[in-house]
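Presented sequentially are two complexes of chain A, the first with chain B as partner and the second with chain C.
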Partner chain A sequence: MSTATETRVTASRAKSLRAARRPGARRAARREAVFGYLMIGLAVAFVSVFTLIPILVSLGLSFFSWDVITPPQFVGFKNFTRLFSDGQVLSSFGVTIVLAIGIVVLQIALGLLLAVLVNNRKHKWTKALFRTTFYLPLLASTAAVSIFMGYLFDAKFGLINYYLNEIGLPSVPWLVNPTTAQITMVLVVVWQQVGFTFVLFVASLTSVPTDVLEAASIDGAGPWRTLFRIKVPLISPTILFATVVAMINAMQLFDQPFIMTKGGPGTATTTATISMYQTGFQNLQFGYASAIAILLLVIILIVTGVQFLAARKLVFYQ
Partner chain B sequence: MTTLEVESTLREAGRRRRPIVKVGSVVGMIVLIIGVIFAFGPLLWTLSTSLRTPAEAFTNPPQWIPTDWDFGNYVAVFNEIPIGQFFLNSVIVTVLIVAGQTVTCTLSGYAFAMVSFPAKNTIFGVFLATMMVPLQTIIIPVFIIVRMFGLSDSLSALIIPALGSAFGTFLMRQYFMQMPRELGEAARIDGATQFGVFWHVYARMASPAIATLAILNFSGFWAEFYRPLIFLNSQSNFTLPLGLVGLQGNLGTGSISVVLAGVILAMIPSVLLFIFAQRYFIEGVTAGSFR
Partner chain C sequence: MTGSFGPTMDRRTLLKLGGTGLALTGLASLAACSSSGGGGGTNASATLKMLYFGDQKAATTIQKALQPQIKKIDKNAGLEITAINGTDWNDFIAKVLTQIAAGSAPDLVSVATEGLQQMAAKQMIMPLDSYVTKDMSSLKSYFDDVHPALVESMMYQGHLYELTDSFNAGSMFYSTDLYSQAGLTAPSDKWTMDDFHNNAEKLATLGSKTNAFDWVVRLWGSWTSFLYANDGNLLTEGKYSGGDWLWNKAYADNPQAKGRRGGWKWGDPTANSKAAIEALEYVIELQRANLSPSPDVGGGGTLQGLFASGRIGMTIGGGFWAGGLHNAGMKDGSFDVQKFPIWKSDKSLFGAGGYGIFNTSKNKDLAWEVVKMLVKPETFDLVYPGNVTTPARKSLMTADRYKTTGPDHWSVFWDQLDGSVPISAPPYYQALATSLNQRTTQAISSGNAKAALDGMQSDLEKAQANS
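For the complex of A and B:
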């Protein structure tokens, strides 16, 4: 048999085989697809009804005026033009951004400091002990934290002012004065949330390869140089991730100021989410509240985008 | 340079360097201990104040370790507010959401990772996009939908909207993606059904991811304040965080120790779970950090 005929025979055999398999293969693929759709069905249904559709409805509602009782009225961009001339709402976005920046900077810096110090410990159990302790505040609910922090930061009877007086410092009007109330919010949130960045950074620092550190120490790099030239660049993707997540969370700050100060004194701690809550669920202006909610989403997307753009220059990917 | 000289310079260098490292280590330890005091202090104060009589609650300096343990506040918290009811409500809401999401997210995460079907990537992309949207942006429409279904002011208003999750799906998908496909193919050749492959082969291997998702959901929904505040009106439906804040408002400053007893009671399940499943709490923090 020549090679040519052989090839022809094999080709025709393969062709007939493929032909025989094709309807079956198609049926199998269709069956797999049906199976796939059935498997994602529940999740798709719940996410569609309670997340996807609400996003679209929220966007739609922001062009309506609606008090829940009478039918909604289309008002075009009126909610948005009103929003940009509404001093109270705009100030709530200002408060949100100021608090968020304070929270994120402190949370990242403190988390990194504690993580580096714990990472330098030699004994495994000391590491575990510190990790557990700094995680503990995350086990309390934000409501619980707001309650006991409210007592601790009380200007007259609070423990914090008591100890300040003990060491010879004057009392601080924590929740009474607008500026200190904002500082208090930052401190309360950071106290609870620093465990999150801390745990992330410890995990990331542990994965820094030891041979790199050894090489650095042989080349004569001291602890500070090792930290800023080697460890921080190597974990910079984690720092970016922690910053983005902390920022998204901080921009949605609600529980602590709502419970501790109701947004006061004045409007010093009225965040965008509190402003939206008051507009929607207290004054029943659902259309206007939706416009605030949409603006919040847009600002979060912009801030996140800016962080990723800035990270292009700062983050080191291996 | 002779060998001796070299040795002596080396020794000198070592002598000069070693103390610096030690000082650094001691300073580091001091900073860490200060950190522990600040992290632990407020929790310890809460615990010790909850064990003091209401009259002594605000005495400064505080008795960090109460001499007379007074569990009266823990009895009072049951008498003065329906904390038993709040606790039960919180348990129902949290357990059902955890169970529900375990089912929906494991199924969908598996399909997105292992099964091929048309428009898979598009649907998954939409899922990912919804993860960016804050709860506050969708809360008004969800409130309207919940009312349309006649669920307002009920525990179902909290449970049903939370039964599916784009994030949970994403988390499970990431885990299933790492699993070898050959196992499933082998099982198929042996005659297992599609669902059989999922159920008997892959779902069993996914238990660490399921545990992580369950712990994440437990911590999130046990502590949740925002949705209960909006969806619930009658006190008999309140979950613990909302009930505790109400308790604080109703009782005023006279019964701080009673309020704090409630705070401690609300923390007990989280602490217990943390003791037994600490690994999954830590995993939960790092789970989202995909590189």
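For the complex of A and C:
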């Protein structure tokens, strides 16, 4: 903290103390405190109602057997012991991780590539056009996108296979074969989500100091060297943020596979959240479904923690 | 940071209060989660709430159409129909259960075979035995008109849980246009799997844009129809004892009621039986031979669209297809229907729909009067306009009913009920449906029916043990 700032803070505190000694100042300070707590309270209430309480209730429920209709019965750690021996549920976590890795890698790489390409455009209107175009899918309802994509990738009458046939190529069993179904799912998610990372990267690239780029240019650095040695390190905090957010979202993947394949073929696209839904809402085992939710939460926390640990070595803060 | 805030509310106090609030909210949520049970009583002059599988627009139309009938029962009573949207019954049941868990206490439910045993086993709906016994004389005309197979499918552990008003038997629809182009004649009611296969091969000669046969992955009318025809099932077939209270009074002189008991008892899984493997392998072979495309999961809208646009030669459908295909633009005469082909047996499947009363209803007597009204002949077309399902009453199965929609051989819907078995929907139907979807798509993509059905057998054994 600079000396000038310290002087300003000290002066402000002295002013507050002087004011506190004045009559009525105590009441004003209390009002200010109440207002402050109120403001914090709103955020705390929001997080509590929509995040904290559901997590706590899920944690509580994970120790119960509950079918919605009859009262819950305490079963201790039974749901968790069952979970670690349930091949199908564990496989859904494997599917989730595979899909998440595919989604995150492609989303970050494509988002960065598009951002660099757009950032290099000279005209402002072309930048604005591309920014809007790439961001638009993000505004569409995921359910609507999934239904539409389901038709597009349909093996029988899908538009993609139609055009493949038109140019003499054979139909691809997009959603019918386990491997192609997983690839299709990654493509669909990335198509919709890439706008988010793209916008972050564009904003971050714009803030790269021009003098650094000019210096690199004078030193003879080409576009690729400038990108990987100058720009990427300088925007690495944004890359870390985008990766963490994309990973958390991908680990909770539900809508696209549920609507497009119902988790199939077989269990090829049955993610942990689909498994949770089937266990809770279809098989009426809400306690067990809560245990799955808790495990997913723990995995997301671990993955996020690992990302932050790795970031210590890889992320460059100015 | 010290001295900045007043002493009236410090951070610790706030956290304490917040913590207490959280704990109380958590406890309250858990307490609210358990069902409150239901009072019995009757409060006439009430508005009954009914859950209905479909969209709200249709529900509201039905609600309005039924109001005059409701007023005849009680001029102060009303009926509010809440639609529950879903791709299939699996979806519908999940959402009904969620509503109930959220504290909603509807009075009536319109539910099909898929959900009957689950709701009965969970004591969500109540047995209607005492009401039926009390009103047996006025219900005589109803039972005289309804096939006993349909009534038996609405029973569980000797009790009747729903009065049925509709059903759909898994028959074989075919495009008369494509049949004609392929030089085929209409199949007879004794046609066999060989006939079916020969017809499929001839339809395939029409070109790559025509699929000889198509189907949807689901419990009703899927490869399960082939399984039934192959004299198999996913679960061991059995019947609960009891039910004499009904059969001896309502169907005393009806030969079709012979051997009827207290409802279908679905026993140990037989998903990897020889019959099941053979049936699933058969549909896989159809796909390998380009006689059938890869099937969709659930629903049936896409299949209907493809059939209506003349791209499918044959598919499994019920009476609901008559209205569905007509509404999709198919003209009467451009499609027809025949019983499902005979394989090792002439066993076929069906699913029935009806009305049950929730145990939580506070207006059970009034709800019962409404159920009786809903199964009256004059109510059927108010609820199901345009042949969107098959009437459970034989008196409503007339040539006049099908003259605008077709098909010409509409009588097979009813005729197929003799010797048919309802879809195997045990109390753990949801788990069964999920496994069926997963394992069928697994078999289709891998081409290995045996491995997939071994997996399904294991899934069903677990589901049965957990139910």
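In this section, the second predicted complex is superposed on the first by the 264 of 318 C-alpha atoms of A that agree within 3 Å, B and C clash if a C-alpha of one lies under 4 Å from a C-alpha of the other, contacts with A are read in each partner's own complex, and residues count from 1 in each chain.
In the analysis below, a contact is a pair of C-beta atoms (placed from the backbone, for glycine too) under 8 Å apart; a residue touches a chain by one contact, two chains touch by 3 or more.
Just so it is clear, the structure is predicted and the values come from calculations on it, not from any experiment.
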Original post:
When the two structures are overlaid on chain A, which partner does A:285 contact: first (chain B), second (chain C), both, or neither?
Top reply: second
**OP:** Considering only the touch criterion stated at the top, classify A:70 as touching first (chain B), second (chain C), both, or neither.
**Re:** second
Original post:
So, A:36: does it touch chain B (first), chain C (second), both, or neither?
Top reply: both
**OP:** Tell me which partner A:201 touches in the superposition: chain B (first), chain C (second), both or neither.
**Re:** neither
Original post:
What is the contact status of A:44 with respect to chain B (first) and chain C (second): first, second, both, or neither?
Top reply: both
Subject >> Touched partner set for A:157, first chain B, second chain C, both or neither >> reply: both
Original post:
When the two structures are overlaid on chain A, which partner does A:57 contact: first (chain B), second (chain C), both, or neither?
Top reply: both
Original post:
Is A:264 touching the first partner chain B, the second partner chain C, both, or neither of them?
Top reply: second
**OP:** Identify which of chain B and chain C touches the larger number of residues of chain A.
**Re:** B
Original post:
Which partner does A:176 contact after superposing on A: first (chain B), second (chain C), both, neither?
Top reply: second
Original post:
Residues on chain A in contact with chain B in one complex and with chain C in the other?
Top reply: 29, 32-34, 36-37, 44, 52-53, 57, 61, 157, 281
Original post:
Okay, in this complex, where on chain A does chain C touch?
Top reply: 16, 26, 29-30, 32-34, 36-37, 41, 44, 48, 52-53, 56-57, 60-61, 66-72, 88, 154-157, 173, 176-178, 261-268, 270, 278, 281-285
Original post:
Tell me, which parts of chain A touch chain B in their complex?
Top reply: 29, 31-37, 39-40, 42-47, 49-55, 57-58, 61, 113-114, 117-118, 120, 130-144, 146-152, 157, 159, 162, 166, 191, 194-196, 199-200, 203-204, 223, 237-238, 241-242, 245, 248, 251-252, 254-255, 258-259, 273, 276-277, 280-281, 286, 289-290, 293-294, 296-297, 300-301, 304
**OP:** Over in the complex, which chain C residues touch chain A? Could you list them?
**Re:** 4-6, 8-9, 14, 18, 22, 25-26, 29-30, 33-35, 90, 94, 97-98, 100-101, 122-124, 211, 293-294, 297-298, 302, 306, 311, 428, 430-431, 433-434, 437-439, 441-442, 444-446, 452, 459, 463, 466
**OP:** Quick one: which bits of chain B touch chain A in the complex? Just the residue numbers, please.
**Re:** 21, 24-25, 28-29, 31-32, 35-36, 38-40, 42-43, 45-46, 49, 58, 60-62, 103-105, 107-108, 110-112, 115-118, 120, 123, 126-127, 130, 132-145, 160-166, 168-169, 194-195, 198, 219, 222-226, 229-230, 240-242, 244-245, 248, 256, 259-260, 263, 266-267, 270-271, 274, 278, 281-282, 285-286, 288-289, 291
